[in-house]
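In the part that follows, the structures are each spelled out as structure tokens.
Each of the two complexes below includes chain A, the first together with chain B, the second together with chain C.
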Partner chain A sequence: MLNQILSKVMVRLSSLKITVVCLFSLFVLVFVGTLAQVSYGIYQTQQRFFLSAFVWFDTGLGFSIPIMPGAELIGSIMIINLVAAIWTRNLLSVKKLGLGLMHVGMILLLVGAWITSAAGIESQMAIKEGQTATYSESSRVNELVFESSLNETQNKEYVISQDYLEKNTLVEDIQLPFTIKLLKVWPNAWLRRTSDLDNSQVKGLGQSISVAPKPLATQDNELNFFTVKIEILNKEGGSEGIWIVSRGLGAKQTVIIDDVSYDMSIRSERYYYPFTIKLKDFTHDVYPGTQIPKNFSSLVELNDSETGENRDVLVYMNHPLRYRGHTFFQASYGENNTLSVLQVVKNPGWTLPYASCLMISFGLCLHFLIKLAAFSNRQRKKVKG
Partner chain B sequence: MKSYITKQNIVKSTFFIGVILWAVQGLFGAGVPETARIFGQLPIQANGRIKPLDSLARETLLYFSHKQSTEVSGKKMSASEWLLNVVSNPDISDSYSVFKIQDGTVKDAFHLDEKERYFSFNELKPHYTVLEKHSISIEKLDKSQQSLFQQHILTLYDQLNLYMRLQSSLYPSNVVEKGPYLDELGQIFVDYSYLLNGKHGTPDSAHPQSGAHVDHSGHNHGPGDGHHHAETAELSDEDRKNMDGWKKLSFVVNSSRYYEQMAVFKVFPPEREGSKPGKEKYLNQLTDNWAPLATLVTRSVFTGKENPAVRLYASFLDNVYKKNNSKAIESGKELLLYYENEVPKAYSKAKNEALFNCLQIFYRSMVLFLLAAIGIGASWLVKNQIVFWIGRQFVVVAFGLQVVGQVFRMLIQGRPPVTNLYSSAVFVGLVAVLLGMIMERFFKNKLGLFVSAVIGFITLIVAHNLSIQGDTLEMMQAVLDSNFWLSTHVVTIVIGYSGMFLAGFLGIVFICRYFFGRSFSDEDQRELYKMVYGIVCFNLVMNFVGTVLGGIWADQSWGRFWGWDPKENGALLIVIWSALMLHARMAGFFKVRGFMVAAVFGNIVTAMSWFGVNMLGIGLHSYGFMDSAFVWLMLFCMVQVFFMILGLLPSKWVTPKIR
Partner chain C sequence: MYECANSYVDMNDRNIKYRVAGVLFLVFILIGFSGCEKQAGVQVYTVAKPEVQLKLPTQSDLTWTKPSSWKELDASGMRIGSFSIEGTNSQQAQVSIVRLAGSAGSLLANVNRWRGQLRLESMSSDELGSVVSERKIGSASVNFVSLESKVSLAQDNVLSKMVVAIIRKDSGSLFVKLMGPSKLVSDNEVTFNQFVASIKHK
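== the complex of A and B ==
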């Protein structure tokens, strides 16, 4: 009985109609998601169309409605549809080896895409010639940081991520020597210096600054001025004051709690590494007499005190440095060819697309070659007969 | 035994040989004067690569007039001959009508003749200052804010500047006879070289670059000895001569700097410092920075050693100017010989490319494809086997030519077949024709050949229009500089494009036959359906593998397999569409006709991902976006939509016919 129900459900789930609807939705999504990049830029479009379950449309009345399924939803339905199809159509039999391979590969590909979007991290490491970098920075996400100096050479940093700040109203932790109450958060903001503001309760730079919300940046070279209005409470619960901290404010602001001074600011989210990378030389060649770039390359020294590894690596186009789960690519340059920007990618699922695509490609070739052979046999007989 | 020497076979082979001879007529150098032919073969460096002057002449003329040759008083003039006149006899070349202006508003703005399409430099020169003033203000605008009119103004301004720079790329355009000019400069060395040795004149170590030396030459006067003009009055004859020398030398340096900046192309590789016999004389004749002629001239003034190329160029141009044809050919050949001896690699590279240019392979196969399509199309109407046979020969020769051209290009560039948009168009045609010919072998219903001739023709037209944008053998951007990925990812993707167009055009044939054909039996329908189905399967494989290879390339160079960027999405759309067609067919959504309509829609998807995504970056809202390529793309899509609608009409609307 249960078996019957299960197989009925499976047949329903494996319906080719679902497949066609999914493929069609994906087609429309990709098409619209490509056009949308003209006005929203690549990053926002990715978030809206391809890294979400639904594409939301802001009605302008204070609420949003979903207008089409996002890639996450379509992908999930496709996985279910594929699993059911493999089950009910017996695609894993030897006779249907090609079909089976390509559809299993398809599941792997979708799972790999999900892992990458969930666990992959991309950041940038900008190094000047002769300097050494220990961390890379996110180009999109920010963090709130409180720095206090332990002694002349060492700093202690308390870091709260943008994601946490956007989702919570109170930041409390045993390690944190104070509590932060979030009064307001602006993902992107206009900052304007004014004198006639009733901001007397705000301390520091924020006193003379008015903040207004601004749509998120669409272009790659634009920054979001992530801004927060916070109240800092000491461990006894007494207020130490209210501050406005923003990515748009260059200077750090200081708060003193229990005779310890903390410099607070908002900066790009940082990823620290247990190894260092020193830029020894950056070169940028062009074709003679033109501005057409011929090659970019960074000669870097990799130094890992944990493993004792110390070597020189040349990072250039199509030749990244792969080390301890991270990959460093030549991404950009600046300041008269003395600054090199490396793209740092951590993607635990990076092997999945390779494996899955190999399976799909192999399956496709196998399946269609067998079909082609059968067809050409028939055709030859037909021409002869 | 059957004899092969029948009357019919003789006629057939004569025809075949005739077509081939027509195709390779460029080998015999027809219609090009010997001087221009020699000039066209000379190696130069421009756009970062070594090429013959002929290539530069063609791409410049294409840029100016959208044609590879021009017309002067009713006679055709080749690009090389035109460029030779530009550098040897500016007065005459100023009157050639080579600047194409189509925009009526531009003509209005400069009070040009409405009916004319081509204008000469002489006609446009009076408007140059106005043009310059406008262009400078337009250039400040963002490209997306410029109107079509403003962009045409900018283009015209750029064309006139390029023209003027070309005139002075060898010798300054105001120098009528180059030989005497060189003698005059040589005399400066004879008269004043002692200044450069520092033994005479000034005891200060002399550098011609520094204008301060003229003042220093008054060294024998104490400091603060009255006013400057008082000093000059007291100069000795020797001092005066020295001053004169410095003036002349600094003039040479300054004008040389100016003309070095002006030069569009460079003529010779610099010699390696302190080169000894037996060692390589030049660092790398192909990849090193070459020097413009102006630099070589200046160097000879300061060292007294004249680079032979300088004098040979001068006598060649002078003889051309004086119309001493035989002497011009003689000195031209000498110049070529000099290049052959000094820089053999660059010489042979340029020579091969010049040969490739004058063969005009892709133009000729374009004509043959057109004739083939007409021939095969006509064979259905007149039901004549001979007409079909002729059409088939045209396809075969055109395809052969295209293969030769493709291989030639690859050898010249040392690259896989597809390196830019232009070559992708050529290659799409090539592969589509090949696939069509394979189809013909399987089905023998003339359709494969017909469609491949049509696609071959259209893609070559597209390629021709893309070539107007500049050098078609340009150097590769750093990120693309990988022969491995170019030959795997790019080639597979482009093969996928060919398949999509082949399926789409067969779909159009189906729809047309369904609605207009007199006898389209069920069997014929099924056969055509099988053809399209087979190609769609092939497309899914090719486009999927190609897209995946692109993902792997992206992962290797940027660390992300997929980034949803427009070009990637374009490729993905093709894959999704192919997969959708196959699944919808199995699900029963698409019957025969629906499948054909879907195949026609594949044309739109492919054209969009091939060209459409390249236009996205310009900005959707600007007038600039409506450039001619976009108009053509939209027109293409509209034609496809027309056929799709036709294919979706209820079948009862079809006029009753014998089934």
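== the complex of A and C ==
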């Protein structure tokens, strides 16, 4: 009984109609997503169309409605559809192994995309010649940081990600020596210096600043002025004051809690590494007599105190530095060729698309050979018959 | 693509267990990834202090001549220029240059904000004339605001004084502010006026 119900459900799920609908939806999604890049920019389009289960439309009435499935939902349905197809058609049997491998390859491709979107991180590391970098920064996401001096050479940083600040109203943590109450969060804001508002309850720079919401930046060279209005409470629950902290404020603001001074600010989200990278030399070659770039390269010194690794690496086009799960590509430069910007990519699923392509190609060849063998067998029988 | 679209093979009990386990495994993987958060809550790092304090980009389209007795400080925050003036008895006055977009509020609102800083009562627009004077420097007309406190701001019985020059241009408003102990500010007013006149676009 159970077997029969299960079989029926699996047959439904493996329907070719679902496959066609999914492929068509993907086609529409890619088309609409491409057009949407004009008004939303590439980052927002990726988030709204490809890294979400639904594409939401803001009705302007305070709520949003889903208007079409996003790539996450379509991908999930396709995986279920492929698994069901393998099951019902017994594609892993010897005779159908070619088809089976192609299906598994497809599943691997989709799972790879999922891993990349969920766990992949892209950031940028800007290093001046002669300087050493220990972290890279996100070009899109921000974080709230409280820095206190630990000793003469070290600082302690308490960092809360933008994502966490947007989803919570209270930041309380055993590691944090105070509690942060989020009174208001602006993903992007206009800041205006003014004296016409009653901001007397706000301390610091925010006292003479009015904040108004601003649509999210769409262009790559625009910054979002992520801004928060926070109340800091000491461990006894007493208020230490209200502050406005914004990416748009150049300066750090100081708050003193239990005789410890903390510099607070909002900065690009940072990723610290257990190794350091020093830029020894940046070279920007042009074709003689022109300004056409021929080659950009960064000579860096990699130093890892944990593994004892210390070596020089030349990073240039198509020759990134790969180290401990991170890939460093030459991305940009500046300040009269004394500053190099490396794009740092961490993608735990980077091998999956290669494995999947190999599997699909191998599956196709195998299926062709199996069919060819069956066909020649039949021909031979015909001739004999 | 599918060879036997509507036929499915017999499934015995053992087979089905493996298959159910396989599908459940896949579903768990997917649920696991969909719930992935890159960072959650508070992260604490111990980091080396920055080697050099990064200097914010200053408004490089402006130039000025710094009086020799003034000490230039690092520009920080909204300040594009910052100076300190040393007086006797380790008294100190500060000069700051801030540029803001647009008119940056009405003159009255600004004057009352500064009066607030000196613990003076707000004034009405009719009284503005007593503290604001207008002078022509080059082609621009500059408003000079001069305010003096009536009580000591710190507990040192020294009154404070503030002189602000407001230069309005199409590109925005420039506020040059001198603030410190009354005597030190008064002594430096002539130098301050010369400094304001020296601020030019490159």
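Following the convention adopted for this analysis, the second predicted complex is superposed on the first by the 360 of 385 C-alpha atoms of A that agree within 3 Å, B and C clash if a C-alpha of one lies under 4 Å from a C-alpha of the other, contacts with A are read in each partner's own complex, and residues count from 1 in each chain.
Everything below uses one rule, namely that contacts are C-beta pairs under 8 Å (C-beta built on N, C-alpha and C of every residue); 3 or more make two chains touch, one makes a residue touch a chain.
All values derive from a computational prediction rather than experimental measurement.
Overlay on chain A: chain B and chain C fit together in the combined arrangement. When the two structures are aligned on the shared chain, A:16 is found in touch with chain B and with chain C.
Contact with chain B, but none with chain C, is seen for A:113 once the two complexes are overlaid on the shared chain.
In the superposed model, chain B and chain C sit 100 degrees apart as seen from the Cα centre of chain A, a figure rounded to the nearest 10. Of the two partner chains placed by superposition, A:60 touches none, neither chain B nor chain C.
In the superposition on chain A, contact is made by A:88 with chain C only, not with chain B. Of the two partner chains, neither chain B nor chain C is touched by A:308. Once the two complexes are laid over each other on the shared chain, residue contacts for A:237 go to neither chain B nor chain C.
Of the two partner chains placed by superposition, only chain C is touched by A:208; chain B is not.
Closest CA pair between chain B and chain C after superposition: 7 Å apart. When the two complexes are superposed on chain A, the residues of chain A that touch both chain B and chain C are 16. In the complex of the two chains, the chain C residues touching chain A come out as 1-6, 8-9, 11, 13, 16, 19-20, 22-23, 26, 29-30, 33-34, 36-49, 51, 56, 76-78, 100, 104-105, 109-110, 112-113. Interface residues of chain B, counted against chain A in their complex, comprise 45-49, 266, 287-290, 442-444, 474-475, 477-479, 481-482, 485, 530, 534, 537-538, 540-541, 544-545, 548, 551-553, 555-566, 569-570, 572-573, 576-577, 579-580, 583-584, 586-587, 589, 613, 616, 619-620. Per the touch definition, chain A reaches chain B in the complex via residues 15-17, 19-20, 23-24, 26-27, 30-31, 33-35, 37-39, 42, 45-46, 49-50, 113, 116, 120, 122, 286-290, 292-296, 317-318, 320, 327, 329, 331, 343-345, 347, 350, 353-354, 357, 360-361, 364-365, 368, 371-372, 375-376, 379, 383. Considering their complex, residues 3, 6-7, 10-11, 16, 72, 76, 79, 83, 85, 87-90, 96, 99, 107, 111, 114-115, 118-119, 121, 131-132, 134-135, 149-150, 152-161, 163-164, 171, 173, 175-176, 193-196, 205, 208, 249-251, 269, 272 of chain A touch chain C.
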